[in-house]
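There are two complexes below, and they share subunit A, which is joined by subunit B in the first and by subunit C in the second.
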Partner chain A sequence: MTTTTGAMLPEAAYGPQEGAVKLTMLLGGVVFLLMMIFGLIMRAAQGGMIAVDPALFYQIMTAHGAGMVGTAGLTGAAILWYFTGRHVPLLAGVYWAFLGLFLLGVVCILAAIFLGGYAGAWTFLYPLPALSGGLWGPGASVLFLLGYVSIGVGFLLLHLEVMRRLMARYGGIGGALAWPLAFGKGRPEDAPPPAVVAAMASSVFNTLGIVVGAAVLVASIVNLLVPGFAVDALLAKNMIFFFGHVFINASIYMAVIAVYEILPEYLGKPWKTTRIFAIAWTVVLVFVLAVYPHHLLQDVPMPGWALAMGQIVSYFSGIPLIAVTAFSLIVYLRAADMRWDMAAALLVLGVAGWSVGSVPAILDGMIVVNKVMHNTQWVPGHFHIYLLLGEVAMAFGFMAWLVRRPLAADARPGAARLSGLDHGVFMAYVAGGAGFVLMFLVSGALSVPRRWAVHVPDWFLQDRLATLFAAMVIGAALIIVLRYTAVLARRAE
Partner chain B sequence: MTLPRLSLAAALIAAAWVFRAPLEADPVTHILVQLPLLALAGALLPGARGTGGAWNRGGWAMILTAIFAMAFWMLPRSIDAAVSDPAVAASKFLSLPLLVGLPLRLGWPRAHPLLRGFLKAQALAMLGVLAFLYTHAPVRLCNAYLAEDQVRLGTGFLATALALAVLWVAPLLGAQGAAAPARRHRSVS
Partner chain C sequence: MQLTVLAISLIVMAFIAAQFITAVRSAPGTVATGAERLRSRLIIGLAIVGLVVSAVSLARWPHAVAAKGVAAVVNVSGGQWYWEIDTAQVPLGLVVFNAQTADVTHGFGITDADGTILVQTQVIPGYVNRTQYTFEQPGTYRVVCLEYCGVAHHDMINEFEVAAR
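For the complex of A and B:
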């Protein structure tokens, strides 16, 4: 905290932006809740507990996917902005433009789905948006894609602002990524703090993803308006999954900044940028960009080297960051007299969920496994682990921290423990979340297909148990969001 | 300083004119060599007085001028007309230096670094879109060029996007590149 590069700005410099971030997290929390309810409806419908028209089911699925990915990105970006603002001054107008463009995009997407009937999933894979079988018109697809464009422009502005400030302060991209420490003779005490390294890395790869995404979005829009411009389906899929994979990963990598910045308050010691940490983030920067072919393992026209690269990078991608972050966290936790509250518990859960979720993900990234598992519920199983128990847990942890009680009220370190309602809510979130994702994994192992609106009775048991677990998670999330809202309202009075 | 720049600008325009036939025989050299040469010539011209005024605050006026002029020359029918109609050809030799290159030079240094970054990202994405359009178009877009020519042009757009990405990102990796944009953010007189 006292080094040249690690010094934080005075609170007056970043405090004014706290309101915008708190508003964002409120919006994010509410949307998370709504999307969870959409998820519960889908699982209940699959379990035969309620009747949902299949056309509506796929609209809900599309809204759930786009809404969850978008909100994960939104909350991750809010965390990135908030903590980057501690180290460099940021233009508040850029954040408001980002939020405005995001909300504009949300309006377009919701209108496309629930007014236009678009139900081609959040991945908008060519040629599905153009081949609706009469369920929706090209106008709805175009509106959906324009919503993405608006959101993408907002993220681009936000990342450009973050990157230019970090580059100016820390000496280029390399300086902000701590390359002098990673690959040179730099000293750890001169290295930028972990939040800066993470902010720069995630901004770099998310910007690249957005640029590629913009190109494929415009190409898809042109195809919808002038069908003669047929898109090369494999090229479009490569570009879409490059963009989609990078974006959803970036949401987690941005959210983990909260862990680096908040947990030290509870641990009583700073999270330091070490040589291993710096190398890990640079490796992650490369791996996040190179690993996307593991989404295309069933596309036989793909070059063999690309698929092999996807599998090999999948093997290794879990090591550099998750291992470094999770291992470091365990070391910190063991050595420190931890001061537990809801924020700390959710942030630690976020790292745990992120780490555990990578295991079934790596399994699915193996070509021989993917051949069998790709179109089963194994896939939503693994990504719900590192989203529901990873990114979303970190976002809820950040929200809890924003409305935390002053540390002085927690008495001496180690004295504070989760108790009463907090303990119940946290355990309901963990148990409900774990049970919910486990049902997906069990169903996947039993070859239950994913994305089917109607299930046969043999699959009902897991569907109904998943619905029950989803209700537990929603109950816990509702209390977290309500408490956050109530504290904000009380402080605003 | 002015005379060498003027001479170089004149030389570039002259080269674009003298080698007009071979350059325009192929859409790749026409679009990706001759047009940038003309724009570059404009960027070398001395700045007009008064462009540092409030009307050009943030470089918006000049940059918008350049963007609209570029948009015109992105249309395949404009390129077609430049090959077949001497009046349009003449307007190309005038408009690219005066409405693209020169305005960019007068607007770019005054633009906010964020706008510059956004425009660079937009340029890369748009080159990707053009690459898609020219490689996937179901019909010939220009009467003057063959279908396979436009596919090569599409590939050229993609290569240009990659080259520009490297050109723009590589300097930012080190400390010197990071400081440069801040120094360039100044008014033009």
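For the complex of A and C:
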């Protein structure tokens, strides 16, 4: 018999896995920093501030894309695992297998890029991995793709374990998604907590995305080994972008679990599963899967209905985010006597950045706009908002919370403010991040293409300002990661 | 169009950011009365805006290629890393482009002399990728690649002239 209460397990049940999660976040923080430095190098090279050979530039670009997407997924999955573990017992061995396969994949990807010369971008758009123009061989491409396969298998293991446990405890997929409440037959007090609903939804769509990704990865690998085996390029692109879109969205939707679980400690009010919350997550589940054609709006051989669906769903995907998660947080914040620290500030920033970033993304999801904005710097402009100021902010917030000081229970209302070094670091991260993404958006509006190793002098101003803003972000992120590492080391002694 | 899109984006982004900043700075204990009613209105309002914008922007299919009134049909072939255009000069008026690739996916983009993108289409291997543009000004136009295609992606540039009548 299943139970559908929000009661948490005792800390003893999930505490032992906290070390693995903390290690993951340390690795994630370090890789985020390294990838940010890669990003700074690219912007400095585009601005003519340093000389980087185009072959190396595109290798760095490939590493930056794969590294950032992978680490967003890694940190999101760590958050998912940590908080799901509060509600159902999870098998620790599965997490270690996930982490081991992830690291194996990272080794393969780095070797493929920096030893094998692979520079086919993180999107491995078929048939580019096989047609490098002499820059890299099929072996490097196969190694890169096998790295993805390894990471994908790890994620599948993790999601299957999470779904298995949630289904057993909450009465199947529908129970964990709070469908009885969503469809008007259940009571809010019987519904699973928000973390469970989010964990189930993101596990379902990420599993589907990874399975489709595995299919196109295998097809691409066979094509590399047996060139006579050809794949329809448009079908492959559909599969790649379905996988890529779902994976990066899952990263954010997994990370937001930290908001649902942590912020109530600061708000003094639980984040409950209401009917609108349950409906919103079911809508998210459908929309995340259905919206991917908005990446193919300039692929004119695509069926018109698919592109129209991509545009329409792209817009309506913003409603659950804006009207449910962001709206609820704003209402909670207005009522709360918040005791701010770095964790709370970064988690709120994460939701705000995600919400703000949806605006240029939705506009780019309109076919008429996309016709002149697609593959300009507008695109990294919008996705850097909801990654740098969204998912990464949530991940850093989770890290800060893991090593937080206990909240002062007797603090006067409004007394605990973000101050001193914390305030400076947080503001540097926000200002640097906002300036950085603004330069992308301005460049996109001025028709600067994305993914060009060499820029003309007319574009240097935005490139150089972006480099400065990137340095600000890196400085702030460095302090966040160093403080996290220092506290972990001190507590380990 | 691009600068209008930038302006709309910045205004709406600033509005959303302001909601968060106001909430963070609000006095503790500010009780939001009627929040659920406001949420319902927000959902309905956003849905209505979405339906109207979708209907208006899709009523005339953005990828439609005209069968009549075409001033010229231009065949374009892309490859690593070049553009071949079957004519160096096209007339003013409605021009249809048939773009194909010899190898990987490219992005066929046309810019004016100032570098502003006017139109683009992905060039998918195995397909004839058709798009159109109405040229109203004579002059030199550039063809650039807007899909990453390898080490000289940024050098994949060609030009054509639009002749005066």
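The criterion applied here is as follows: the second predicted complex is superposed on the first by the 483 of 493 C-alpha atoms of A that agree within 3 Å, B and C clash if a C-alpha of one lies under 4 Å from a C-alpha of the other, contacts with A are read in each partner's own complex, and residues count from 1 in each chain.
Here, contacts are C-beta pairs under 8 Å (C-beta built on N, C-alpha and C of every residue); 3 or more make two chains touch, one makes a residue touch a chain.
Note that the structure is predicted; figures quoted are calculated from it, not measured.
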Mind checking the superposed model to see whether subunit B and subunit C fit together on subunit A or clash? fit
Subunit A residues touched by each partner, larger count belonging to subunit B or subunit C: C
So, does A:I41 touch the first partner subunit B, the second partner subunit C, both, or neither? neither
Thinking of the overlay built on chain A, is A:L91 touched by subunit B (first), by subunit C (second), by both, or by neither? first
Partner chain in contact with A:D232 - subunit B first, subunit C second, else both or neither: both
Treating the CA centre of subunit A as the corner point, state the angle out to subunit B and subunit C, nearest 10°. 100
Once the structures are superposed on A, label A:L160 by its partner contacts, choosing first (subunit B), second (subunit C), both or neither. first
Between subunit B and subunit C, whom does A:V212 touch in the aligned arrangement: first, second, both, or neither? first
Is A:G172 touching the first partner subunit B, the second partner subunit C, both, or neither of them? first
The superposition places the nearest Cα atoms of subunit B and subunit C at a distance, in Å, of 13
Please write out, lowest number first, the residues of subunit A touched by both subunit B and subunit C across the two complexes. 232
In the complex of these two chains, what residues of subunit C are touching subunit A? 1-3, 5-6, 8-10, 12-13, 16-17, 19-20, 23-24, 26, 28-32, 35, 39, 42-43, 46-47, 50, 53-54, 57-58, 61-63, 80-81, 103-105, 107, 109, 111, 115-122, 124-127, 129-131, 144-155
Subunit A residues touching subunit B in their complex are 91, 94, 156-157, 160-161, 163-164, 167-168, 170-175, 207, 210-212, 214-215, 218-219, 222, 228-232
Per the touch rule, the subunit A residues reaching subunit C in their complex are 54-55, 58, 119-121, 125, 127-128, 131-133, 135, 232-234, 237, 276, 296, 298-301, 304, 307-308, 311-312, 315-316, 318-319, 322-324, 326-327, 329-331, 333-338, 348, 351-352, 355-356, 359-360, 363, 366-369, 371-376, 413-414, 441-442, 444-447, 449, 451-454, 456, 458
Can you name the residues of subunit B that touch subunit A in the complex? 113-114, 117-118, 121-122, 124-125, 128-129, 131-133, 136-139, 169, 172-179, 181-182
